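Sharing a structure here in structure tokens format.
By written order: A, B, C and D. Residues from 1 in each chain.
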Amino acid sequence: MITKTVNSIQEALEGVSDGMTLLLGGFGLCGIPENAISELVRLGVKDLTCISNNAGVDDFGLGLLLQNRQIKKMVASYVGENDEFERQMLSGELEVELIPQGTLAERCRAAQAGFPAFYTPAGFGTEVAEGKETRAFDGKMYVLEQAVKADFSIVKAWKGDTSGNLIFKGTARNFNPNMCGAANITIAEVEELVPAGELDPNQIHIPGIFVQRIVQGSNYEKRIEQRTTRPQP
Amino acid sequence: MITKTVNSIQEALEGVSDGMTLLLGGFGLCGIPENAISELVRLGVKDLTCISNNAGVDDFGLGLLLQNRQIKKMVASYVGENDEFERQMLSGELEVELIPQGTLAERCRAAQAGFPAFYTPAGFGTEVAEGKETRAFDGKMYVLEQAVKADFSIVKAWKGDTSGNLIFKGTARNFNPNMCGAANITIAEVEELVPAGELDPNQIHIPGIFVQRIVQGSNYEKRIEQRTTRPQP
Amino acid sequence: MLDKFGIAKRIAKEVKNGYYVNLGIGIPTLVANFVRTDIEVEFQSENGILGMGPFPFEGEEDADLINAGKQTITALPGASYFDSATSFSMIRGQHVDLTILGAMEVSEDGDIANWKIPGRMVKGMGGAMDLVASADNIIVAMMHTNKAGASKLLKHCSLPLTGVRCVKKIVTNLAVLDVTKDGFKLLERAPNVSIEQIKAATDGRLVIEGEIPEMI
Amino acid sequence: MLDKFGIAKRIAKEVKNGYYVNLGIGIPTLVANFVRTDIEVEFQSENGILGMGPFPFEGEEDADLINAGKQTITALPGASYFDSATSFSMIRGQHVDLTILGAMEVSEDGDIANWKIPGRMVKGMGGAMDLVASADNIIVAMMHTNKAGASKLLKHCSLPLTGVRCVKKIVTNLAVLDVTKDGFKLLERAPNVSIEQIKAATDGRLVIEGEIPEMI
């Protein structure tokens, strides 16, 4: 087996530098690569283009990079939970590209899978389709969307092994598997790193071939955005 | 949960009739829907268009339907293990369309996922691209391929639950997950059918939404095409 | 006149046996509470769960188990988790039977706007553009007028669109309407709401044929 | 002159540390037996396994565990199984580092034909068209001439193509050659094979520069 383990989040992020494009997994604060985001803040790399479904909240997730003015351009589908984001966007400090969520997921998968482009119905007749080719198939209109490839893809998994195989948990899976292999280098931080052979080969969500570096994460906060409960019966 | 269980393979195949297009899972004889194929032979439905990676062997798998002259057209990627197939094809009795394996898998997935078409590099400059749109992206040439949708998709899984959730085993997975939901009705036969809730929601390969009917299979032969071993040490 | 719970309750009647349903944020989320319990229905949330259950009991929240509104949820027996690409395969591939979502504006052609107010608010479309471009069966849940009292059922949408010619049915605090080729066809009045009130609150073309019953 | 094992052994030297490798049916399958054991390599088979191991011991065959040649195999610790679409994501997305496959013909431009003889034999392309259209690093393993003694290294392929301008290196029973813009560049001779023999067996343009060493 090919060993993908690195010993620290510092080592995992080696090579990330100013002006790069990063894909970052997670939906809201669920399944985000917390260790890597902290390290990006510490590194102070700037002028980043960050592609992620959301932009975090003011004081967590990608919001930390926004507060720190490290992001030049944000590509996302929904950014409604972040005041600092809205301020930077409306003032023009931050470039923003909004993409339908399913299109974003598939543009990542297209890069992973070597498809340059695909037709999707999402966004036809809207701003999203402006400047893009549109086309009818079987009487319905579609928009041509292209693969989105990054310098680094940074994901968070539940379990991983030294060969880079990944298993995600619950809805913390979300964009993480689709972003693996959609960049020159894919970095996975995991809650539990085990030796190759300990994961059931039938239950692996992302085979190690899509991952270049895997690192044992620590101190996961896993902040909940909208704690919603019902009373005990 | 929505119940997908039917009580017999007969009930599972209700509605399959002459002239229909069927997607059938499996790679060689590995992971083929044995019960459904037997029932198709018994039903005697004819003029079928069968889309499957291979065409079985002379006396097993889709070869049984070929022997019985039930197939009008075969769409596959590799058909090298079947003399009767070769005879019918070379004599013109059988229509044949050969498709690159990865393109076949993705055309199924495109139907499952609602993409009408995508660009792939496979087959550019070959017979496969004849009559199809070709196009350059980033200096490389690609062929436009369309989703392939069938009347019925017939797959085989290892475990399934009453809600239609499926788990496959080993390399018997192959095309089976990609064909689920790529037809008007998807039928899954499984080695072990359990009540909803018994499968770990994190380990389901195909969510039940892609399956309309699930049936407990029986008497799996699981014939091996190329038994290859090494001596005991 | 209905409150948001009344709107949700009325929409719940549209949920049929065997339906997979995607519920948007806000009023649509409330619909789950009112669906008949004697039919088989599964809720999909586009962040990656099918078979979504009710909110967890206090103390049983799991940060790794949320819905698309980022709320903590539970999973019912028979649920499954999956990645975002697979989730939108369900939506785009029309495997989801019913989509219920909110809107800022709907036009008489069935266009919908719900993601952006130029210069003032841009939250993003999230999964809404994929949902409305794909679903055969889309119900909009919203107030008939906005906070300023202006109609949200228009001849043409004034805000940037989310999708074109896609909305099939609208349930508001005042009425139930189908989107037809002739315009908004009034089907039911909310309790104690007159046809005149509905006319006054509707800017787009309103089609009224025969007796319009009050919702039950 | 090499036999099929000799060809496989020579190709095995091209397999580097950290490589993911896809092996075609026939001679390529044999390559696995000769790869150095002190480097980390994983074999992918396009029917859905990464981390493929050796053939099973007699009596331990599993019908649910085969390679693309339909042979029973084993999985090494750290292996994974996946569906066909994902398998070709690995291939098309250029995550597989090296592809080794057989051929009926290769042209001096790097075109390859290996799936069809019109009117006589049509086995199908299987995964070969995806592999050759995607891989950056493709090595062809084949005999230098066919059973009738005709060269398989041609100016132009006469059979229907599998892919265009894709083959980078060829290892035959007679020689190792690179496909360059000037034609087949001879790199090594098989043991006891003369340059004249190679010239005689090569129809396409052959580039011979300097001393051509015998393979070790």
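Keep this in mind: a residue touches a chain if its C-beta (ideal position, glycine included) is under 8 Å from a C-beta of that chain, and two chains touch if they have at least 3 such contacts.
Everything numeric here is computed off the predicted structure, so don't read it as measured data.
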item	value
Any chain that touches subunit C and subunit A	B
Maximum centroid distance from subunit A, chain identifier (CA atoms)	D
Between B-D and A-D, the pair with more C-beta contacts	B-D
Chain centre separation in whole Å, for subunit C relative to subunit B (CA means)	36
Subunit B and subunit D: spacing of chain centres that average the CA atoms, whole Å	28
Whole-Å gap between the CA centroids of subunit A and subunit B	33
Per-residue multi-chain contacts in subunit D, two or more chains	49, 75, 81-82, 85, 88, 91-92, 134
Set of subunit B residues in contact with two or more other chains	106, 109, 113-115, 120-121, 168-170, 201-202
Topology of the chain contact graph, where touching chains are joined (line, ring, star, complete, other)	other
Touching chain combinations (by label order)	A-B, A-C, A-D, B-C, B-D
Touching residues (chain side subunit C, partner subunit A) in the complex	45-49, 54-73, 75, 81-85, 87-88, 91-92, 111, 115-116, 119, 121-130, 133-134, 160-165
In the complex with subunit A, residue positions of subunit D that touch it	18, 20, 40-42, 44, 49-51, 75-82, 85-86, 88-96, 134
In the complex with subunit D, residue positions of subunit A that touch it	1-3, 109, 111-115, 161-163, 165, 181, 195-197, 201-202, 204, 207-210
For the subunit A and subunit B complex, residues of the former touching the latter	106, 110, 113-121, 137-138, 140, 142, 146, 167-170, 202-203
Interface residues, subunit A side, partner subunit C - complex	27-31, 53, 76-81, 86, 89-90, 96, 98, 100-106, 108-109, 120-128, 158, 168-178, 205, 222-233
